[in-house]
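Heads up, the next two complexes both have chain A, just with different partners, chain B and then chain C.
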Partner chain A sequence: MKQFAALLRKDNQPVRYLVVDDSVFARKNLIKMIEMFGGELAGEAGDGLTAIAEYNRIKPDIVLMDITMPQMEGIEAVERIVRQHAEARIVMVSSVGYQENILAALQKGAKHFVQKPVKPEVLYEILRYVLSDDPNATGAPVALAGESRS
Partner chain B sequence: MRMELIQPFINAADAVFAESLQGPTKIVDVEMDENAYRPKGVAALMLIKGDIEGRVILDLSREVAVKVASVLAGSEVEASEQVVRETVCELANMVIGNSVTLLNDQGFHFKVFPPEVHMNESGLAGSADTEALVICIETSCGDIFLNIAMRYLHRRRSERTAVPALD
Partner chain C sequence: MSRQPEDRNNELRALFFESAAELLQSLNEAGLELEARPSDEEVIRRVRRIVHTLKGDSAACGLHKLSELAHELEDVLTPQVTGIHGKEVPEVVLAAADSFDAMLAAYQKNAKLPSMSALHAMIRRLLQAPGAAAGSVPDVAQAPGQFAWTEYEQLMISEAVHRGDPVYNIALRIDPNSLMRAAAFQLIRNVLHGSGTVIALRPEDNVAAATIVVVEAALASPQSEEKLLHRCRIPSIVSEVHIEKITASQMPEHELLGDLLEAQAAKVVADGAQGIESDRAAKRTNAGSAAVAVAESTLRVDAARIDAVMNLVGELIIGKSMLNRTLTEFDKQHARDPVRAKLADAMAFQARILDELHKCVLKIRMVPVEQLFRRFPRIVRDVAKTCGKDVALEISGQNTDLDKGILDALAEPLMHLVRNAVDHGVGSAEERLSAGKPARGTVYLNAYHQGTQVVIEVRDDGRGIDLALVRARAVQKGIVKAEEAQRLSDQDALNLIFESGFSTATEVTEVSGRGIGMDVVRTVMERLKGTIHVGSQKGRGTTFQLRVPLTLASIQTLLFRVGGRLFAVPLSSVVEITRITDHEIHKVDQREVLRLREQILTLVRLNHLSRLRSIDSQPAKKKNFVIVIGAAEKRFGLVVDSLVGEEELVIKALPGEIVSSDLVSGASILGDGTVVLILNVPAILSRLSRATPLGAIA
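Then we have the complex of A and B:
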């Protein structure tokens, strides 16, 4: 398995993630990658409405957000979260990766987009980029711990 | 049957299976079918409506679904109806999402409906009298079948534009 240097906050604590996807498997897969990157799972949600409530409750460093979900889709959830928390860092994770979808998500305040099936190395680079302007993240432009992890 | 409409689905399925199941894939069988589709295991039916119209059925046995679930979850998964349903839906969503992305980038616009899971062996409603391409893809978890029927709606669109506007 490929090793990744841990992505850490400025205070050397693990980056805290909220994982939002209606598929249990997609969530498990993302959680596995988060652990590979030295992160910590702060919360999970299976739809946009729950994601908003969870965001307000746990204030994660990063949200990984699916687009197509029941009750409330990811793009609407992004809009509502960013309206309340302009500092929110949300990365969209979806199998539907055409331009209109990506643009809509970015216009609502998402920071980046990754297409499913997610490759760990692609997600890692995107998280490095998104964390690079995080005042809580260590180092510039990227938050990295000294040692590689398995 | 227009291969330029079918090919994105085959390419997407091949890429999604290889990446998500972490192993090689191979198309081992291709055939045309005009009969109502009878699932070989658990099938997810997805409908597409817009510039092009049709349906995709993704079909795999319960045993293969459980193996796929374990790979997707990264650890051994206990077999259950919910696991099987979740697995088939997740694979179907990834295949359709990637296919739609390829077709959308070619300028086609359409709506994709969420997958309907069918777990019995009776013929799927709406799949009769439609010429479909059935593809068997060998993956590291076992065989996965795709049944694809797709057509342009150009004539219908031109008909719409030919209708004079009413005052």
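Then we have the complex of A and C:
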């Protein structure tokens, strides 16, 4: 298996992840990758509501969020989490067919997206990018003019 | 990812083969375009896109050999390679299209894959040639960064620069492999807005997302160039970043009015240089978004489902005429009943809607003939190349609609006619020049509506058909006797080419002329209830005219009675109707004939022709109607007792065990429940020609 240099926080602690997906298989798959990157699984959720509760409880460094889930969809979960925690780093995980939803999630404040099936090397680069995020960066994500904001 | 059940997989496979066929068609078209304009980067990109899609789709379907080949081909399709080998790349693309086609066919039949070594060699040669690096090379010539800001934006930029804010021109190329360009664009916007103040942005929001290639921005940001570069290198989204800091020296001294004037002047200059280019770009974008819109509103539907709806509409039409008859009866019995008028109104309303519904359903089956015509540029090119000729193809009327089933059935005959036109019709360059024509021959393909029929024409501007040769060949092949051949009119002689076993090509070529052909074309036309007509002028060219009904599901017919029975013939095959008296009928070779305007017409009586035993032979009448029927260049007269009228009939196929006679092609039910038999005109004709020498049926 390919080796990855560990992705660490600025304080050299392992990055803490919250993995949200209604498919147990998909979660296991992502968790395996996280471990390959030297990360720590802080929590899991199978739907949007649980994801919000878990976020509030564990304050993870990164959320990997599926788009389509029961109870509450990924987009709404993103919106609610970002409203409370502007610093949240959420990466959407979705298949190509859900471009509209990804677009919406990005407008709500998701930081990035990765296409299913997730390739470890792609996810690694994306996580590295998202983690390098400068907290001092200004400005909030904007919605495309004319797009619905529902 | 969850496992998929077997039938889902099969469905996917079927979908793949269908879409792959379309991709190959586009690839052929793009390949031809590339041949015409080898340095057009837009065309190269299009070819590359098609190949890329094919690669992805075939990989997803597990057709790895195909996917690998597509991948190799992709490497050739870079401006570097095409720039050096402009002439050879189209050849490789077309050869690859053929190889893909062969591979797909093999996959579909689960057969052994054909060898691709020739194509591999072609591709390798191109890649190894000096100057072309293997693998995909970043597109240097097309480096992003036009930064064509509007005057207002320029003003904003210069204002910010003069204020001392660092302003950067940033261009980001979206990863060519990105499948979610709209999402990618949004993410780029997020990142830009998160890094500073976006003064200007291209494309603007309303651009069709799928066509975004490069995003350009003017960004005022306190961050360092290095840091911005890092932020803009968004993994899996951006493949290339170009950043330049705008310095005060690049900006003229800030003065509002002066700036505006200068910008105006710059615009005038720029318009001259760039106007055309940006115009073209804009058009492309528009065309692109239109195409996207069309694709999204198109559904793929199983043809059987449409046929089922069609069938039901047919039943409804029968139901309508049942109701109409009942209403007529009701009228007679309750002439003063006020309900009568209401019923009539409701009926009229329903009839109108039904009519509309019928038309709509018919339209679903209609497709533009372009679907068929678009194959021909490639075919003409290949055939012309094989024969060493220079032939242009001119297509018109491609928007003419025709039933999909008929269109598919026409593919084969039309292919044959077009090949023939190139191979035999258009003469060699020397021959053409000595006849005072341009060296380049032209084949015309045209389609148009005429009444309830569609006419498709294949015309060439060649030497025309040599009638003497046709006569001689027909005699040699034993189709007609020598003296008969001389008696035939020119048109009849021309029609000999439709006889089986006929071919005028003096040499058998790879392309056409293996002795089969024209008779097959005629057979198909008869099956489609259509006709074929050939016209030729020596030295001027040959025209083949194919006529087919708009649809096979329902036909306009002429109803008539023979011996108390109701029959119908397709109206499209009725040439004329005439009244005759008995003494006008002559007997020749135990066959009744009629002299109609100097033409001899064989007469047919249904009660004689078939063993329709129950038809009582009525006492000979003084006057009879004769329906003159023509199909595929032959004519005969049908003697009938009375004419009933025209009626649109919905054809019901008859199972073989019910009708033993091939003289009837189908049946239909009238509103009063009467069953009508629809005559099979070609079958009657062929029975006639078996019984008589050909000359007599003219």
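Here is the rule we use: the second predicted complex is superposed on the first by the 129 of 150 C-alpha atoms of A that agree within 3 Å, B and C clash if a C-alpha of one lies under 4 Å from a C-alpha of the other, contacts with A are read in each partner's own complex, and residues count from 1 in each chain.
We take it that a residue touches a chain if its C-beta (ideal position, glycine included) is under 8 Å from a C-beta of that chain, and two chains touch if they have at least 3 such contacts.
Predicted model, so just to flag it, every value in this text is computed and none were measured.
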Original post:
Given the touch rule stated above, what does A:E125 touch, chain B (first), chain C (second), both, or neither?
Top reply: second
Original post:
So, does A:V96 touch the first partner chain B, the second partner chain C, both, or neither?
Top reply: both
Original post:
For chain A, which side has the bigger count of touched residues, chain B or chain C?
Top reply: C
**OP:** Scan A:V24 for contacts with chain B and chain C and give back first, second, both or neither.
**Re:** first
**OP:** Would you check which partner chain A:P117 touches, where first means chain B only, second means chain C only, and both and neither mean what they say?
**Re:** both
**OP:** Kindly classify A:A53 by the partners it touches after superposition: chain B alone (first), chain C alone (second), both, or neither?
**Re:** neither
Subject >> Intersection of the chain A residues that touch chain B with those that touch chain C >> reply: 23, 25, 96, 99-100, 115-117
**OP:** Going by the contact rule at the top, pick out the chain A residues touching chain C in the complex.
**Re:** 23, 25, 96, 99-100, 102-103, 106-107, 111-117, 122, 125-126, 128-129, 132, 134, 137-142, 144-146
Original post:
For chain B, which residues count as touching chain A in their complex?
Top reply: 16, 19-20, 69, 72-74, 86-87, 89-90, 93-98, 100-101, 104-105, 112, 114
Original post:
Of all residues in chain C, which touch chain A in the complex?
Top reply: 1-2, 179-180, 182-183, 186-187, 189-190, 193-196, 205-206, 227, 230-231, 233-237
**OP:** Would you mind writing out the residues of chain A in touch with chain B in their complex?
**Re:** 23-26, 28-29, 32, 68, 94-100, 115-117, 119
